[in-house]
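The following pair of complexes shares a single chain, chain A, combined with chain B in the former and chain C in the latter.
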Partner chain A sequence: MSLYIFYISNFLLLLCLTASLMQSSKIINNKIFARPGVIVLAYVQLISILLSFLILIYLFLISDFNIDLVYFNSHSEKPLIYKFSGVWGNHEGSMLLWILILVLFNFLFALSRRISERFKEITVAVQSIMIFGFVAFLFFLSNPFAINQNNFFEGIGLNPILQDPLLAIHPPVLYVGYVGFSLVFSLAIAGLITKEVDQQWASIVKPWVFSAWAFLTAGIALGSFWAYYELGWGGYWFWDPVENASLMPWIAATALIHCVLILQKRNVMQSWTIILAILTFSLSLVGTFLVRSGILNSVHTFASDPGRGLFILLFIFLILVFSFSLFAYNSEKINETSSMDLISRGTGIQVNNWLLITILTIVLLGTMYPLATDLLLNKSLTVGPKYYSTTIAPIIILFLFFMFISPRLGWTDTKLYKIIIQLRYLIITSLTITLIISLYFELFDLTEILIIFFSLLLTISSMTSSLNFNKQNILVRTNLGQNLAHAGFGILMMAVVSNAVYSEERIYNAKVGDNLQLQKYIFSFDKIEQVEESNYNSLKAYFLMKKDGKLIDTFTPEIRFYSNPPTITSEASILHKFFSDIYLVMNVPQDQQSISVRMHIKPFMTILWLGAFMIIIGGIISASIRVGRSDEK
Partner chain B sequence: MSSLVKSRLIKFLLSLIIVSIAVLIIIFNLRDNIIYFYGPTELIKNSDKQGQIMRLGGLVSVGSFQNETESIFYFSITDGENEIDVKYEGILPNLFAEDKGVVVEGVYMNDGRFIANKVLAKHDENYMPPEVIETLKKSGKWQGE
Partner chain C sequence: MYKIIKIFLIMFWFQGYTVAEDQRAIELFKEVRCLVCQGQTIHESNAELAEDLKQLIREKISQGETDHQIKEYLVERYGDWILMTPPFKSLTYILWSLPFLIMIIGAIAIYRQKRGQA
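What follows is the complex of A and B.
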């Protein structure tokens, strides 16, 4: 049985390799491979990979331990959902998922209409070169269908930290984001080859780049959500190298979507847009594979051999060399037509592009510096999270200012003082609210006050301009996505700052009967229980939360003992209120009698997720509006 | 000067100023926030590192663990060759135990003690921080493959 599956699935992979090779050959205008056409081949690519992915899912669901991958990453007693998510909870499976999405984007683009045949052919050809590379990598170096003859009765199991419903969706969503930029990259290369990087090119790129960006945002938010709820670290962002690896392509992509918009409206910044497209995709590759390679140590690392890491490094290197030489060769022919007026929306976006690149550099330096010293000087070190917060905060102030003012400026020279006078009520309102907040909450740090002020300004300004019905009615409607995302960013920044300032943490070592205090709340340690579940045993503590002697809620932090593989995890118990979360985690160290409890008050978490959600929805709205305002006159 | 040249010049100067300020801030901040990792032997040799925030890793020595009150702990970290006494106030992770790998963050004091303010969590029982493996390899006490 396993042997048949082995042959069938490998045949499917080879089929996809062949189709991708034929598809790639269309990059040179040849007669030999003119048939079959782009769409037929795209079908073959999609169906072959989809089938092999379904086969892999099937193998996990029936727990076929003659397949190495299933043996190492699954266990027959695991709940069904984790057998399913276990498919991509490992290196080979996640590679296959990555390829599936790569092929899916290729297919969707091949079907899209109103694009010149030649341009489509080249884009699909570039995309197929990448498909070929990754399928070859999968087939030769990390074949998910490798079999063993040992007839194991039981598998080793999936890391329990990965056994969480959120983890079933976090990787696929993040991957759709990362891989979405592969198509944007292919479009950029096709634009360079045809020398047509213009307003029409931007209109073609826009829906793809916005949807990839929305997915990447959602993927990062889900990951952060998971860290907050599942890992029990008591926070949502730790400037961990793995988190940084996903943030870097996001920053580049954020710059990119704005450049695509300027290009579409004003036909400027062609070269810079292309560079950003290449950069974003390269960082997406780094994001996936730096994380997977084992260079960084974290939950995300799947055991891997150096050959694989080397292949990916080589691949990234080739992409960079190829695309930048093509860029150097052809960029003069992409005509930069007009330039921009100094005080205009274009300049504002350009300044923020620079600021984004600065933030990107900061994150890149902080992430790579420890790796470099480790490899070159054999010296281990860590960069503390304070590096990021103190360096990025002042830039965020400027960034928020330009984010607020730019949409208010016109595309042509605008008088700044007129805008300020026009917005006087908005500015006075924000200033008053900020003053009240800072006095009432005793907030006296200038950086924090400024971030709150500009975030407030940005949020109110974005919200009112989407509700504002003036004579330019059409403009108002199409800007909904932008306004929502910008307001969301303002809300997110306010929540981030206030969360950082007002979070409180208390640590206690407690025995049953103890009363612990956190602000105005009393937590009575009621009892501790052992519970047996299907795939783990757990130790559950019960804390009664009281305020002024009245019972408000019961908290049940938990420690889980998994046996396949043997692991201990702490499950946080969280009470959500609109303005703050109360968060309890417990630990039982092996050499200790009592349990340790960590209690947090995390203000504005709900608002923080709301901000992130608004950004994602804004992105989706912008992606789905097919034709933007072609021109406002 | 034509307005085009003028606007380009202003843009260029503006970006130059922004870039140089940014670079300075970044470098100074990075320098202030680097936390080095040492093994016990390495740390004893570099006694000039006293008073700095750093990470220390190795195995928790067998028989060294004591708690003074319910949240103040004493233990020693060893690489098989040298030991450093650690005082830690706070919460210990689930997997903290004698003879297991550990990484702590804190200050190396003048009297040769280490005051830790963080014990870094691990994810599973068999996991050994790579820095600790490296430390044990350096002292020749590493028994893994």
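What follows is the complex of A and C.
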């Protein structure tokens, strides 16, 4: 049985390789491979990969331990959903998922209308070169269908920290983001080859780049949310190399979407847009694969085989060399116009583009610097969260200011003082609220005050400009996506700063019967229980939270002991309220008498997630609006 | 008006404001890396080694040492690695200054491009 599956699935992979090779050959205008057409080949690519992915899912569901991958990453007693999500909880399976999305984007683009036939052919050809590369890598270096003849009765199991419903969807969402930029990259290369990087090109790129960006944002937010309640460290962002690896393409992509918008409206900054498209995809590749190479140590590191790491580094290197030499060769021929007035919306976007590049540099430096000093000078360094917050905070102030003012400026020269007079009520309101907040909460740090002030200004400004009534009191069609995302960013920044300032924590060693205090709440340690579940045993503590003697809620922090493979995890117990979260987490008991419990008050967490959610929805709205509104005034 | 001036003064003098020893200790714990855990500070960890370091820092505070002296002592004993935030020294010049260089280069480039058109 396994042997048949082995042959069928490998045949499917070879079929996809052949189709991709034929598709790639269309990059040169030739007669030999004129048939079969782009769409037929795209169907073959999609169906072959989809079938092999379904086969892999089937193998995991029936727990066929003659397949190496299933043996190493699954266990028959695991709940069904984790057998399913275990398909991409490992190197080979996640590679196949990555390829499936790559092929899906290729297919969807091949079906899209109103694009010149030649431009489509070249884009699909570039995309197919990548498909070919990755399928070859999968087939030769990390074949998910490798079999063994050992007839194991039981598998080794999935890392329990990955056994979580959120983590079942986090990787696919993140991958749609990463891989979406592959199509943007292919479009950029096709633009370079046809020398048509213009407003038309920007309109073609816009829905793809916005949807990829929205998915990447959602993927990062899901990962952050997971870390918040699963890792039990009480934080949502740790500036861990793996988190940074996903943040870097996000920053580049944020710059990119704004460039695509200006290109579409004003036909300027062609070269810079192309550079950003190449950069974003390269960082996405680094994001997914350097993380896997074993250089960075984390749950994301599935396989550390030097051969695989080398292939990926080589691949990234080739992409960079190829695309930048094509760029150097052809960029002269691209019609570059860059006329923009000094005080205009275009300049504002340009400045913020540069601030994003600065932030990107900081994240890159912070991530790579300790690796570099360790490797080159043999000196170890730690670059902790404070490095990022102290260097990024002043930039964020400027960034928020330009985010607030740019949409208010026209595309041509605008008098700054007129705008400020026009917005006087907005500025006074924000200033008053900031003063009240800082006096009431005794906030005296200038950086924090400024961030709160400009975030407020941005949020209120974006919200009011989406409620724009004309003289007949009819709601004027406004740029809802942009306003929602910008307001969301303001809310996110306010929540991040206030959370950092007002978080509180207490660590106690507690015995049953103890009463612990955190601000105005009393926690009574009621009892501790042992619970047996199908795939783990757990130690559950019960704390009754009381305020003024009244019972409000029961907290049940847990420690889970998994046996396949043996791992201990700590489950936090969280009460989400609108203004603050209360977060209890228990550590492995030091002795029989007492347990160590950590309590956090995390203000504004719900608002923080709300801000992130608004950014995602804003991105989706912008992706689905086909033609940008011309808002010339 | 008097109150507002007072608040502004507090705002700028806040750095010199002395906090209770406990609070100072906790702030220091958050700056020191736990040697046996993965990327945690000794504040977040309750490993034995982390507890020892916490005790050491508390003692040094009560002996009247400044934060700076305590950090120097730790770096001498365990290396730069122990501090969560790398100090500004020859090894980290690039780390701390490159972001600001990049920002300034960008500002000059954008300004010159605009002036060139005018």
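In this text, the second predicted complex is superposed on the first by the 612 of 633 C-alpha atoms of A that agree within 3 Å, B and C clash if a C-alpha of one lies under 4 Å from a C-alpha of the other, contacts with A are read in each partner's own complex, and residues count from 1 in each chain.
The rule we apply is simple: contacts are C-beta pairs under 8 Å (C-beta built on N, C-alpha and C of every residue); 3 or more make two chains touch, one makes a residue touch a chain.
Quick caveat, the model's predicted, so the values are computed rather than measured.
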item: Combined model on chain A: chain C and chain B, fit or clash; value: clash
item: Which superposed partner A:380 touches (first chain B, second chain C, both, neither); value: both
item: Touched partner set for A:565, first chain B, second chain C, both or neither; value: first
item: Touched partner set for A:159, first chain B, second chain C, both or neither; value: first
item: First, second, both or neither for A:200, with chain B first and chain C second; value: neither
item: Which of chain B and chain C A:358 touches, first, second, both or neither; value: both
item: First, second, both or neither for A:240, with chain B first and chain C second; value: second
item: First, second, both or neither for A:596, with chain B first and chain C second; value: both
item: Partner chain in contact with A:444 - chain B first, chain C second, else both or neither; value: second
item: Single chain B stretch clashing with chain C - from 23-31, 59-67 or 77-85; value: 23-31
item: Intersection of chain A interface sets (partners chain B, chain C); value: 233, 297, 339, 341-342, 347, 350, 354-355, 358, 361-362, 365-366, 369, 379-384, 386-387, 390-391, 395, 507, 587, 590, 596
item: Contact set on chain A toward chain C in their complex; value: 233, 238, 240, 297, 338-342, 347, 350-351, 354-355, 357-358, 361-362, 365-366, 369, 373, 377, 379-387, 390-391, 395, 439, 444-446, 507, 587, 590, 596
item: Touching residues on chain C, where the partner in the complex is chain A; value: 7, 10-11, 14, 31, 33, 38-41, 44, 46, 79-86, 91-92, 94-96, 98-99, 102-103, 106-107, 109-110, 113-114, 117-118
item: Chain A-touching residues of chain B, taken from the complex the two chains share; value: 4, 7-8, 10-11, 15, 18-19, 22, 25-26, 29-30, 32-37, 53, 55, 65, 67, 70-71, 90-98, 121, 123-126, 129-131, 134
item: Touching residues (chain side chain A, partner chain B) in the complex; value: 159, 161, 233, 297, 299, 339, 341-342, 347, 350, 354-355, 358, 361-362, 365-366, 369, 379-384, 386-387, 390-391, 394-395, 507-509, 559, 565-568, 570, 587-592, 594, 596-598
